[in-house]
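There are structures below to look over.
Both complexes below contain subunit A, partnered by subunit B and then by subunit C.
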Partner chain A sequence: MPRREPSEEEVERRKIVGINAETITDVSSTDYPGVYPGEDHSWDLDKIRRTLQIEFHHNEPLLASFSLIGADASIANAFRRIMIADVPTLAIETVYIDNNTSVIQDEVLAHRLGLIPFRGGREGLDKFMKWYKKPDNGGGGDDDANTGYFDYNTVALRLSVECTHNEAAAPGETDPTKLYHHAHVYAKDIVFEPIGRQDQYFSGEDAIAPVHPDILIAKLRPGQEIHCTMHMHKGVGSDHAKFSPVATASYRLMPTIDILRPIIGADAEKFAKCFPPGVIGLEKVTRKEAARQGSGYEGHEGELKAVVRDPMRDTVSRECLRHDEFKDKVKLGRRRDHFIYQVESTGQWDSDAIFLEAVAHLKEKARRLEKQLLEMGC
Partner chain B sequence: MSREQYQIPTGTQQSFTTGGGSGGREYGVESRAGIMHYICGDCAVRVPLEKDAPIRCQKCGARVLYKERTKRMVQFEAR
Partner chain C sequence: MPRAKTKKAAPEEPAASEAGDDVVMNEPPESHQPAVEDANDEEDASMADQPAEEEEPVYEEEEDELRIRVLPGSTDHAASFEFLNEGHTLGNVLRYVIMKNPDVEFCAYAIPHPSEAKMNVRIQTYEGVTARQALEKGLRDVQDLCDIVTDKFLEARTEYSNKMSS
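Here is the complex of A and B:
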């Protein structure tokens, strides 16, 4: 069979997932060998090098949004899953409660403490802190219960609050926060206690501290107190969600909107209202367009026409497909190889660094797989 | 003897070895043999009760008494 190359137009067409009023078409990709006779779709590193693109839309410490263009869904999904479940963070793992006379139960308090996100010096978190391995002593005697804790795998924290009456409060005061000292226990009340070499890595700006100091942990009344120490360990999101470095990490496919036939005048304004603001723009029909025969703009010079401004903002609500006046005038779709990621960090990592770490993780996984395959010795 | 085992609070016995140094308050030192302390459900006062004594707060007369929280450190997994 003669080798042939598909036209650029055809390649573009194959990338689009069709979105109709009630159905979705062409969901799976077809750019692999054996789909189109005579075409070569074998895996090619050079081709990926040429076509793969990453574009950042915005990049703040707690929120990054970027496009990964030209990758397969399996790769894009792998990155997403690694970001959620495989990038390690430090979180409270054990709580030693000396006294807790508040109304919140010990278990619930411990659980709440575990979910608080902490930040600290990047170098210390990445390089200095290692995994904590639970000592394996089957059931465990008392002597071994506290072994295995070192400065490089455990961070100790302390929470000590007692609620007392505020003598200086104005008579008739009803606000508990003014009436009492420490009526509310916040994340900022947790104190970091460095051990060993930890003060080299976690001091000053780099100290281990809650990302959000105003997280409410418990409410107290006079006479109630909470005294506990906490141990933090490194962990991954697949073990417990508290270790996940992201609040959300998701992607969506780039929407496409094709206006097939002109939408003019009042219809254009209605069309723009079918989409989120900024997706559809309104422009005046120029004299040139109105003069061209068969363009659909004849005699409409100066009227407003609908143009696609920014399809990325579209939520693909398909509202425009519900109206008869837009029938056969618009085609909605999504680009199968254009992934718009949204990564929201919990604060321990910078949001863009989470993605880079995910890439490094996938690379490491591939390397490990390669080693295993070579060791199979076939 | 295991730390977790129940110990009858008597004056003759040594005070509890508190794990993790929970303030080092010693139980049973201030009280005579067989005296337990409870918390009054009404006025929240600490009520010492002897064996076979009527369950009643000496201060306000309430009949609902609560057990005191353990003086030992308690360990939890933050999960």
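Here is the complex of A and C:
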């Protein structure tokens, strides 16, 4: 079989997932050896290095958006899955309730506490904090109940609030927050109690503290109180969503809009309204275009024509395919290898660091298994 | 989590609020912390009988138990590998990179049952390369790819922050 290289247009065409009014086409990737006779699609690191691109759209501690271009869906999806379920965070895992006379039941309170996102010094969280492993003899009697807790695997927190009357409240006051002290219990009322070497890693700015101090935990009335101690451990999202470092981590494929034949005048304005703002622009037909035979613009000089301005903002609603006037004039699609990620951090990690950690995690997974495979013998 | 009767879980420094108003809870909580390396720190009795004391280094280097197994019926060129505690995350990536190998005739992955944390990869190869070598190459390729993605990501991030600050 003679070697062949596909033309550039052919490569581009193969990347597009077709989106029709009721159907979709070319969903699966075909970049495997043996699919196209004579073409080489074998694993080629240099080629990946040349073609893989990452482009940032947005980068803030709590929100990152970027494009990963030139990777397969399996890889993009692995990163997404790892960000959600395998990147570890510290969260409240055990709540020891000394006294809870609020109207929130113990188990509900414990659940609410678990879901509060916390932050702390990066170095401490990454390097110092290790996994907490339940002792093998766990549950074997009171003597063994508390083994296995160390400064490097457990962070202790304390919540101690009592609601009392505010003597200084104005007569006739009806606002409970003014009428009483501690009518609302907030995440900021949780106190970090450093133990052992935790002082070195989690002090000052780096102290373990809730990301959002104003999360409402419970409401109290005079005479009610909550006293509890909490233990935080490292965990992963696959165990419980409270450990997930992201609020959402998702990707979507880059939309493509091809205007095949000119859309002019009132149609153009209607066409633009079929898309979110900014996707379709309106431009005047130039004299040159109007003079060109067969362009479809003849005699329309000065009228408005629809042009694609920013397909990334499109939601691919397919609204334009519902109107007869645009029939055969537009082709919608998505780029199969262009992933627009959106990573929203809960605050313990920086959003961009979560992706980096996910990549490192996948590498580590593969490295460990390769090592095992080599050691396994035959 | 059942409510423990004797609460020793709270760490050292009995909290101020436990000073006396609480009838049940005035037993001071014990520490779980191992004395920080220096030997002159005398340990109380409860610390001495904790077996898990010097666990830290062991903990770190603990290698996970063997997680790959070749399933019965496999030959050199057509083998099924069973991975424990892996799922779609690695399965699909492995499938993709192994299918990219021109010496591989067939590759697929499956999770036979969702209640078992097992993932199977089936590899059939042409003459010259064994299924096992194809799997090894696949695992290496994933690592190489991760390096490239990391490099590109860092580059793009620097470029973006430069653009935003200028």
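Structure notes:
The rule is simple: the second predicted complex is superposed on the first by the 374 of 378 C-alpha atoms of A that agree within 3 Å, B and C clash if a C-alpha of one lies under 4 Å from a C-alpha of the other, contacts with A are read in each partner's own complex, and residues count from 1 in each chain.
As a working rule, a contact is a pair of C-beta atoms (placed from the backbone, for glycine too) under 8 Å apart; a residue touches a chain by one contact, two chains touch by 3 or more.
Being a predicted model, the structure only gives us computed values, none of them experimental.
The partner that reaches more residues of subunit A, of the two candidates subunit B and subunit C, is C. In the superposition on chain A, A:D350 contacts neither subunit B nor subunit C.
Once chain A of one complex is fitted onto chain A of the other, the partner contacts of A:R368 are limited to subunit C, with no touch recorded for subunit B.
Once chain A of one complex is fitted onto chain A of the other, the partner contacts of A:D314 are absent, as it touches neither subunit B nor subunit C.
Contacts of A:W43 after superposition: subunit C is touched, whereas subunit B is not reached.
Judged by the touch definition given at the top, the superposed model places A:T94 against both subunit B and subunit C. Applying the stated contact rule after C-alpha superposition, one finds that A:D337 touches neither subunit B nor subunit C. Once the two complexes are overlaid on the shared chain, A:T229 sits against subunit B and subunit C alike. Within subunit A, the residues touched by subunit B in the first complex and by subunit C in the second are 94-99, 110, 142, 227, 229.
Those residues of subunit B whose C-beta lies close enough to touch subunit A in the complex are 2-3, 20, 22-23, 44, 69, 73-79. Looking at the complex, you find that subunit A touches subunit B at residues 91-101, 106-107, 109-111, 113-115, 142, 223, 227, 229-230, 240, 242. Chain contact summary for the complex, subunit C toward subunit A: residues 1, 3-13, 15, 17-18, 22, 24-25, 29-34, 36, 49-52, 55-56, 59-60, 64, 66-68, 83, 86, 88-90, 92-93, 95-97, 99-102, 132, 135-137, 139-150, 152-157, 159-161, 164.
Contact residues on subunit A toward subunit C in their complex (touch as defined above): 31-34, 40-43, 45, 48-49, 52-56, 59, 66, 68, 71-72, 74-75, 77-79, 81-82, 85-86, 94-99, 110, 130-131, 133, 135, 142-143, 145-152, 154, 156, 158, 160, 193, 195-197, 227, 229, 231, 352, 355-356, 359-360, 362-363, 365-370, 372-374, 376, 378.
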